[in-house]
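One chain, subunit A, links the two complexes that follow: it is found with subunit B in the first and with subunit C in the second.
Up next is the complex of A and B:
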């Protein structure tokens, strides 16, 4: 009888231990998946746009009081390379100071003409289009570009600038 | 049953608060700049940090970790690893359900103290509270309030609510009250904080007067929107049940009457309102809320099932015997059907199908904190009886684990497909580059470029020689005219040789000299302009040739890069494929174990429900037997000849 009692008492403990073991296994599996995903992401990036030809495009919104982006198009040497439509969540993340990675493209070394057109609405709800065209020089190092939408309080307007390094 | 509802109410509001926080995150009054998050000096660092926050705020957690790694690597290179990255890593781990890793990271960070921005600590506090780590949530919330760069103003009320809830959950009522004092009365977050404080006060049997004052305050200040109304009903239901337990029936009635009929709390409120009236001997009044309950809700709703028995019990108390018998008979029929249905649903194959359907329904949900809607069970005979399982934290946790495993398995299958495609791309890329014959192409192009260069140099030599000539930079028409002049010399000379006395050659010579003079004048007049134009064209040509040379160099570099664009990658792809296959096999085993655990859980729950319904059925039958027996005894007493 005492043996039965001990077994009965041990049962919940065993199931708890089993639960903890499964939990550990699940956590380990999740960690492995995260590592795999990170490696895969790196591999994809290296395959798609190796450092030597990579040109990374980013977008930031400084304040965003006078302009809310709805879409963006980036052309390099008159060829459309990047297109993006914004969701409300993405715009709000940008307004919080986040930097949007618009994407990586491949560029041959040398000079290239980059044109960005950002369509959106101003603070009065009117449709607006901001654009910028710049010549950039691609070397053997990755080209990093940043499109910055800046508010101009004096004109109650906004403009877009292209920075690269 | 009442106890069950009470326990249900005592569950903290973390999940609800988490859902709302996502909306709050996207609040309209967003005006913070990157500076508020703490801008790094280097541009690359700033962009990486911004990329990290972008993916974090948009819920792309895989990518978030990638950017976090890149950010950390970049920071490390400058010898200044950032604490903020570690705080955020802990928050992302929590978001992905990696609690243990998050906890380890959090304690390591907490030991170092400070350093991270207020927002980073806030995100961590939010996740820790969701994970019921109250101690950790309190530390993170305090760190957030003290941090520099400071917490963004839009998060302040939520963070204070987290702090109050975390402290209250640790049963430190007075400290929670102090923390609550700093909050805005009309914020919904203050409502959640008050609710959690009320829970703690009830748990601790706190003074009635303080508790009642806090309940009134909580109800009064809540916003009038849908969320506010739902929270109001929840507070009132909790307050009503607590008052019932303290035998303050009048007060409980007041709370129950204020609850609306539009939220999930209406059904338990109607049930408890009836019981409370019954406790005050208001029998007829007690039946009304139960009738409303039975009319408004599904017959399988736990509150409705309980009210079914409560009605005839009350009728019995008011000695409405005939009505009571009829009601008990109806209940007996209903309960018999329910028990039969329950037993036919509690079969292994049906439970298999039920779980499978649930897995398919939730297949699109992400894992980690994105799986907030997982507890929606599909309509099915099994779900009618297992709906109550959703109030069981342990079951919901196990369900979430199974879902995570399913999602991970799906992600792994996606990865395998992607890698197979990459493998193909690499083969095509290699073949294409080999067929292209890059070196030969480059040599050919270089040869052509050298030809052009030679021609340009020849032109340059010619230009240098041109300066030495008499008629330099003469045009084609000038040259024709010069040639004509030159030819005229022969004619004049031959005429001179013939030498007839009547022929005077002097005018011819004079005209020839004049013509030559004009021709030379014309040539020399235009020579500087022509020389300038020629030199300019030559410089342009040189410039074009130089560009061509640079382009050739770029093409050479591109070809070299392209040549190496597949090298080393097939091995990497195969390596990752092998790792994925191993993980898939491991997860398949855990999935099977987890599915078995859940089916056992559901089956045991249904067994328990079976026992409860059988008990209700027995009570109904017992009551019927008693009523018939009483009636028979009465009949026998009134008609003694029947008994003989």
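Up next is the complex of A and C:
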């Protein structure tokens, strides 16, 4: 009888100890998962967009009085790489000075033909298309570019330029 | 975990993320589902993104074959405009076929084109989708738009007056 009583008293203690051990194991497992996630993220960055082949495209709108973008398409060596459709809210943000990251692509070192076509409307509501084509020399360093839509007050028009950061 | 195993996991993850970039056509939307995000160009102004419409009830009229079908859509447009006071937004989605011309409307007429990878096609069109402010599909009314107008009007009025009621109309 005494033995049964002792066992009955000890059982909850044993259960608590087991719970604590399980909690520790779960915590350790969570930490391992977090560590693994960090490693995977680093690996993913290195494999998918290594610095030697990284090319990034950004877009800004300078004033935007004579042109509002509706869409953009960027081709590299005649292959479509980046496309985007604009909403009114996004154009407002661009007008307020936002820099839009259009995307990162992988580009082998060497010379490449980059063509950007921006379709939109002018200040009279007429459909317009701005484009720029440039030969770009990709080195082993990341290529970071900015497409700038600039107003041309003298012609009441706009043009798109490619700048390098 | 060895480097090889990590590499395999990474490749699998990458494949999953690439697969996620292409938005496939859908005909499996059911009331209660979260409607996948899309951005589509409009034939009459700026493109529209579904995620930006969150916070307000939205009626999307996804058109079937439509060649300047403005007459069919006028009633839907008036309905959406008359309920704009209640916060309702209304969009039409048009898919060009052959030499079809888009309807001329005041509300945004979005154009589905497969070349834009930010969009998806609803295969069960023509259909009216009533999407709540959280982006969930509350009602899906499929079939001929002329025939379904009275039903759409009834469901829409009840939906806006009661909020989300979870009832299904098909």
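The rule we apply is simple: the second predicted complex is superposed on the first by the 117 of 165 C-alpha atoms of A that agree within 3 Å, B and C clash if a C-alpha of one lies under 4 Å from a C-alpha of the other, contacts with A are read in each partner's own complex, and residues count from 1 in each chain.
Basically, a contact is a pair of C-beta atoms (placed from the backbone, for glycine too) under 8 Å apart; a residue touches a chain by one contact, two chains touch by 3 or more.
Since the structure is predicted, the reported quantities are computational estimates derived from the model, not experimental observations.
By the touch criterion defined above, A:165 lies against subunit B but remains apart from subunit C after alignment on the C-alpha atoms of chain A.
By the touch criterion defined above, A:85 reaches subunit C but does not reach subunit B.
Contact with subunit B, but none with subunit C, is seen for A:26 once the two complexes are overlaid on the shared chain.
In the superposition on chain A, A:39 contacts both subunit B and subunit C.
When both complexes are overlaid on chain A, the residue A:47 reaches subunit B and subunit C alike. Contact with neither subunit B nor subunit C is seen for A:131 once the two complexes are overlaid on the shared chain.
Of the two partner chains placed by the overlay, only subunit C lies in contact with A:70; subunit B stays clear of it. Using the contact criterion defined above for the overlaid structures, shared-chain residue A:113 touches neither subunit B nor subunit C, since it reaches no partner.
Which of subunit B and subunit C touches more residues of subunit A: that partner is B. Shared contact residues on subunit A (touching subunit B in one structure, subunit C in the other): 36, 39-40, 43-44, 47, 88-89. Touching subunit A in their complex are the following residues of subunit C: 1, 6-7, 9-10, 13-14, 39-41, 45-49, 52, 115-118.
Of all the residues in subunit A, the ones that touch subunit B in their complex are 19, 22-27, 29-34, 36-44, 46-47, 50, 52-53, 58, 60, 62-63, 88-90, 92-101, 108-110, 140, 144, 146, 163, 165.
Of all residues in subunit B, those touching subunit A in their complex are 25-27, 30-37, 43-44, 46-47, 49-51, 53-58, 62-63, 65-67, 69, 96-101, 152, 367, 401, 404-405, 408, 411-412, 415, 418-419, 422, 425-426, 550-551, 554-555, 557-558, 561, 565, 569, 572-573, 576, 579-580, 583, 586-587, 590, 593-594, 597. If you check the complex, the residues on subunit A that touch subunit C are 36, 39-40, 43-44, 47-48, 68, 70-71, 83-89, 91.
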